[in-house]
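Only one structure is covered here, and it is reproduced in the block below.
Letters are used for the chains, namely A, B, C and D, taken in the order the chains are written, and counting of residues starts over at 1 for each.
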Amino acid sequence: MPPRLGLQAETISRCRRLARDVAEAVRRETEPFTTVSTERSILRLLGVDGVDADDVPVPNRICDALLAAGKLPRGVSLWMGSALARGASDVSEAALRLSRPEGARDIEPHPRWREALAPHVGAGLARVRENRAERERRMARHPPDELPLLYAIVATGNIHEDVLQAAAAARAGAQCIAVIRSTAQSLLDHVPYGATTSGFGGTFATQENFRLMRAALDALEDELGRYVRLVNYCSGLCMPEIAAMGALERLDMMLNDALYGIIFRDINPLRTLIDQRFSRRINAAAGVVINTGEDNYLTTADAVEQAPAVLASQFINESLAKDAGLEPWQIGLGHAFEIDPTREDGLLQEIAQAAAAREIFPDSPLKYMPPTTHLTGNIFRGFQQNALFVLTSVATGQSIHLLGMLTEALHTPLMHDRWLAIDQAKTIRANARHLSDEILFAPEGRIVRRAREVLAGAERVLDGVARIGLFEALASGVFADTRRPREAGRGRDGVIARDPDHVNPFLEEFAREGAGAAR
Amino acid sequence: MPPRLGLQAETISRCRRLARDVAEAVRRETEPFTTVSTERSILRLLGVDGVDADDVPVPNRICDALLAAGKLPRGVSLWMGSALARGASDVSEAALRLSRPEGARDIEPHPRWREALAPHVGAGLARVRENRAERERRMARHPPDELPLLYAIVATGNIHEDVLQAAAAARAGAQCIAVIRSTAQSLLDHVPYGATTSGFGGTFATQENFRLMRAALDALEDELGRYVRLVNYCSGLCMPEIAAMGALERLDMMLNDALYGIIFRDINPLRTLIDQRFSRRINAAAGVVINTGEDNYLTTADAVEQAPAVLASQFINESLAKDAGLEPWQIGLGHAFEIDPTREDGLLQEIAQAAAAREIFPDSPLKYMPPTTHLTGNIFRGFQQNALFVLTSVATGQSIHLLGMLTEALHTPLMHDRWLAIDQAKTIRANARHLSDEILFAPEGRIVRRAREVLAGAERVLDGVARIGLFEALASGVFADTRRPREAGRGRDGVIARDPDHVNPFLEEFAREGAGAAR
Amino acid sequence: MTARSADPGRVRAYGDKWNDGVVQISFTLPLASSARATEAARQYVAAMGIREPYVALAEPIAPEFTFFVVYGRAAHEVDARAIAAEEVEAAALSRDEIDAEIALRFGRRLVVLGCALESDAHSVGIDAIFNPKGFSGDYGLERYANLDARNLGAQVPVETVVRIAREAAADAVLVSATVTQNEIHVRHLTDLVDMLEAEGLRDRITLVAGGPRIDHRLAKELGYDAGFGPGTTPSRVAAFVLEQASRRMQAPGDAPA
Amino acid sequence: MTARSADPGRVRAYGDKWNDGVVQISFTLPLASSARATEAARQYVAAMGIREPYVALAEPIAPEFTFFVVYGRAAHEVDARAIAAEEVEAAALSRDEIDAEIALRFGRRLVVLGCALESDAHSVGIDAIFNPKGFSGDYGLERYANLDARNLGAQVPVETVVRIAREAAADAVLVSATVTQNEIHVRHLTDLVDMLEAEGLRDRITLVAGGPRIDHRLAKELGYDAGFGPGTTPSRVAAFVLEQASRRMQAPGDAPA
């Protein structure tokens, strides 16, 4: 049991209440809309896939055609169902018809469209459920994982090199493998197709790349006697589509933050907040653990000053996630070890913040990110900071430990950079195994006081956001001093007012399943 | 204030009582003797120095001559005094006479020898006192040192390279500079002379080398705004002579262990225990802080098993030191961070042992030695272990921190190995400055229980040693499973039964000064 | 005898003795750990001209890969006297001096644009140069009275930069490049130069690149007037812009050396 | 397309792509930190044949010294197939097998001495080979029924070793050398060979050296029959002694290849 700070329960629940208000206001404001990406996700769940001659994904073609024909407000489901009811032999034939401008223009709603679509909705859901069950079966075969989970990234840009290095990392002890995306994939309004071998600072997230890596990790399961989790990024303009792809290919974790795209990629706030909801609905159903991206705040601003903003954002991410039906165990909240290592008593502040997060979110996994901004070309100093990071992680009972790289300031990880990080974390995790049981914090001491201060700060932030609402807060630069007006940013044109009779059959199913019960 | 374990005060004082009994028995058993090295030390304090044509130090020549003439049992003081009373113009002329076989043979005791010698005894003592006062003056000029003191070693074998690297280390932040001795200098029954440039694994301890390094460090004092301490080894066959040289050249710390030479160098127990007393008398007068060498036990045996033996040895070293007139602040007790880093909860045991030492010896500086035996060619892993070592040192309030080298398993420190270690320690020391105030140990937890276990083990060892006496204990292999019979080992022939009228004027003076008051 | 000191004409690494040439080298070979692999590592290092290579670590990090740490002596020598370190040539001036000089030489404010290109979302670097706060105690360009400093932020398309440069008649364009994997920075930096030339703007504008992996030599190669690496302070950049802009004023039309 | 795999004939370092040749090099140059010093570091590394040297760290560690960490690509290639790793040639046998073989071939116990020489006080290495406990689960020579294993300990004068070897008619002498600074180990190891030869004992005795810095090649050069480095297990040493002693029995008088 990690050492306790004795934070005031009332303060914590007050923060939660404020965050819930924020989340509910967001839902009210976003419910009237759908987005091209949400509609494309429905198509993917129905089994639509592939690209045309110009490498444009079929789901994009269909939505573009329906949009041009003014038919998207009623939702792709109606038209897919109608195409099927009107004789399309299967999903791909229906998709082919609707992807043609004239096909989209001429299609008429069919009264029995729902019946026609139902089996395909069922098939999609079945595959998602089956993947979830498959994961549970595989995990049940092995002893519980050691915590914190060691999370390694691969980022060569070439899926085949990634596979090679992921296998090496898993064998060395990595428990989660994240394939970092090619830079700014979040800005693409489509998902690339097939196996890819040239990315920048990462590898494109494609369904085929997901499949290749999933297969490679499954192949190691018996040798290692454990299940290796696969992670990717479910944020940006294609947030829900990637959630769908992940659900279909049995990814286990998704970086899935409600605000990251808005703040760090200048994606339209309305678009993102609509998309995050469906993407999280899908993740909830798929039994995926999401990771939020609060660590990003600390990469542009001082980690000590930003601590309250990080905590406030965690509360908001938590309530938006619950609102979308995610269970607490699925809500991996992000934070980071980013305080200047030369700062007097900085380590005490890191400990205070990490312990506070643990105490405030007892039922959620905490995703602890490594030092990055203060790493330099001094790779030895970097390795040292990572050692203190691991120790803090273990001593405060963190759940998901992203391995820091001694070469963080220089390049995406080399084969042995990653091995050194895994060996370091494994060694310290064992060497300090029960440290969290054995230390207590001096009452009213520096650590306890710092934790209280951060919580109080977070409450102030939440209070402000609740008063003006999240959209207004984003517009006025409450987060990371970045102003993001409701109507500005990339992808606004992909936001569509829903027709009264617009349906999203998957949302209906998820609701029926009562995934939403958690709300 | 470092975290407390709440060890039983009674157990601790019982250990101390047992250790005092051991020390008193040793004194009774050693008082009837003197040694060639003790007599040579008296000569050095009187101002005798230099070597003859065959590079044999004059003090050795004199003792050998007097020994051959059967005159050593009455002590060099009588004969030097007599030579002076009989017209030797000064110390060196007296020394010259006595260094010749016939001179030693023919010299007759002179009734007024004491008066003749007195001024030279006074001069020697004055220089020692003046050096001590000089150190205090210099230190008073600066703010108090940050703790733990960062202690760096130089070991090139060439005093000039040593000076260069020591200056670099001091500028980087080292507060103590230890010039490691050329391998096995402890086995030489004389002290080499002059500046030396070829040693192995270290540089010879010579008075000129002391002077050169002292001058180099003093020269940095104004630039750095602090006094840099100089350290050397005062153990082996020339233990007291090096103490004398150190007192004359203002060394600040001396590795000066009562048992190291016996156990690790197979030096005769009687010889060592006689010599350690006079060497410590000199160190006491010179205001030197001694460092004991318990860390050495952990280099040949398991650090977890040996913990009680280390603690027992610290108690014995402490009481022998007090018995020789050293104040608690001068008794630097050694221990080390040597537990296998891959051991489950090993870090908790390190913390327990370090905290226990701090709690048991509250008024003595603790000399904390770095991981060495478990370091390998993996220099990154080594740097990581050193980081945990620094953090443990800071968190448990250690006093003298010997910097670990990432290349410990490979070579004596390179210029940048040392820099990296200093930078690491400085950074963590500041980053965790008040950690020791902020953590407590869970009552009855693993850490507290481990500390108790070690103390109980130490009591058992001391009980056994007290019962049979130290010599018998050494003979029966109580320490480091090494058997060292009273009459065996190097340098036994240098032990001489004292004549009833044998005098050591310096011992008399030290006693008068009441340096012995502490006993 | 005192420790032999260095001959600047024949510089070598210093381990713990003058000119011992001690270096540490680490790398991974795609070979399963074995005596053979260790010998391969030794030969690989020997091929670099390293004497007495000593393999301190041969760690199997994957079935077919071994990580090595090797120590040895690099007998190579460098003539430090002969080195002409490619450095930005511009006198170090204070903010006030620069503002004064601009007023004096141009009688107007200089227009300076800043950005990171295309997919590169790293803005901290360019912000460090532009934001009033600046970098390590040195104020940013937006604080300069006589600089009209406009930070366009990150992820700016090349066309956009060129358009604004034309519209604003920019005197200088400062580009930050952080993501360098697979040479993507080279691609974007080159695109900008090409497009500026195509538009006939290149000669009128002082073009500067910067970033953790950028140095003066590389920037020159890519057709920039200067490159700045890690730890750059805004005033050094401002001083260079002043320098270059003045030259351009004297010799309008043709690019300065 | 799958990740290209290695050509054993042309092995190169693997950073994060096949044959990218990425290596990390660190060292200190006796130059004050400056752009010039950084360029000197780049040239020093370039002189090793490293392409695209990138100076990641240039840290002033003393007024006239700068510590560098450099990354680059070593284009050198090693032919892994052609490598004949200098390895001790002796079949791996178990303790029982060895005891049995000794009984069979010699019908007596083999006398084996162990020590560290002169000033070298490091006994842990030789103890690991001799003490019953052994090393990493492999029992030490003193546990062998048919070895009369006598560990003389550390700091043993060369003459003493030779005397005891003569008196005990030793079949093998195993020497541990740990302190290697300024080549002191070479000195002591050579002294022993010389004195054994002077006494006409060398050919009768299997002479083995070991230690953290010892390898087979070095030991051979110094006139030993074999050398063992870090991680050696006693049984490997015993197997070699058996091997050699047998050869000597067949061809008495003349040293085996």
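The criterion applied here is as follows: contacts are C-beta pairs under 8 Å (C-beta built on N, C-alpha and C of every residue); 3 or more make two chains touch, one makes a residue touch a chain.
None of these values were measured; they are calculated from a predicted model.
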Revision key, fill the gap. Counting C-beta pairs in contact for A-C and for A-D, the higher total belongs to A-C
Exercise for review: Starting from the Cα centroid of chain D, hunt down the chain whose centroid lies farthest away.
Suggested key: A
Point to revise | Between chain D and chain B, distance of the C-alpha-averaged centres to the nearest whole Å | key: 35
**Study point:** Inter-centroid spacing, chain D versus chain A (mean Cα positions, whole Å)
**Key:** 52
Revision key, fill the gap. Per the C-alpha centroid definition, the whole-Å distance linking chain C and chain D comes out as 44
Practice item. Could you tell me which residues belong to chain B and also touch two or more other chains? Key: 377, 409, 411-412, 414-415, 420
Check your understanding: What residues in chain C touch two or more of the other chains?
Key -> 14-15, 18, 22, 24, 26-28, 54, 59, 65
Exercise for review: Give every residue of chain D touching chain C within the complex, in rising order.
Suggested key: 5-6, 8, 11-15, 18, 22-31, 34-40, 43-44, 47-50, 54, 64-65, 74, 76-78, 80, 83, 85-87, 213
Practice item. Using the touch definition up top, name the residues of chain A that touch chain D in the complex. Key: 156, 158, 160-161, 163-165, 197, 376-379, 407, 409-415
Check your understanding: Contact residues on chain A for chain C in the complex?
Key -> 155, 157, 167-168, 171-172, 183-184, 187, 198-201, 264-266, 299-300, 373, 377, 409, 411-412, 414-416, 419-420
Check your understanding: Touching chain A in the complex: which residues of chain C?
Key -> 26-28, 59, 61-63, 65, 67, 119-121, 123-124, 127, 155, 179, 181-182, 184, 212, 230
**Study point:** Complex contacts: residues of chain B adjacent to chain A
**Key:** 341-348, 380-381, 383-384, 387-388, 391, 406, 420, 423-424, 427-428, 430-435, 437-442, 445-447
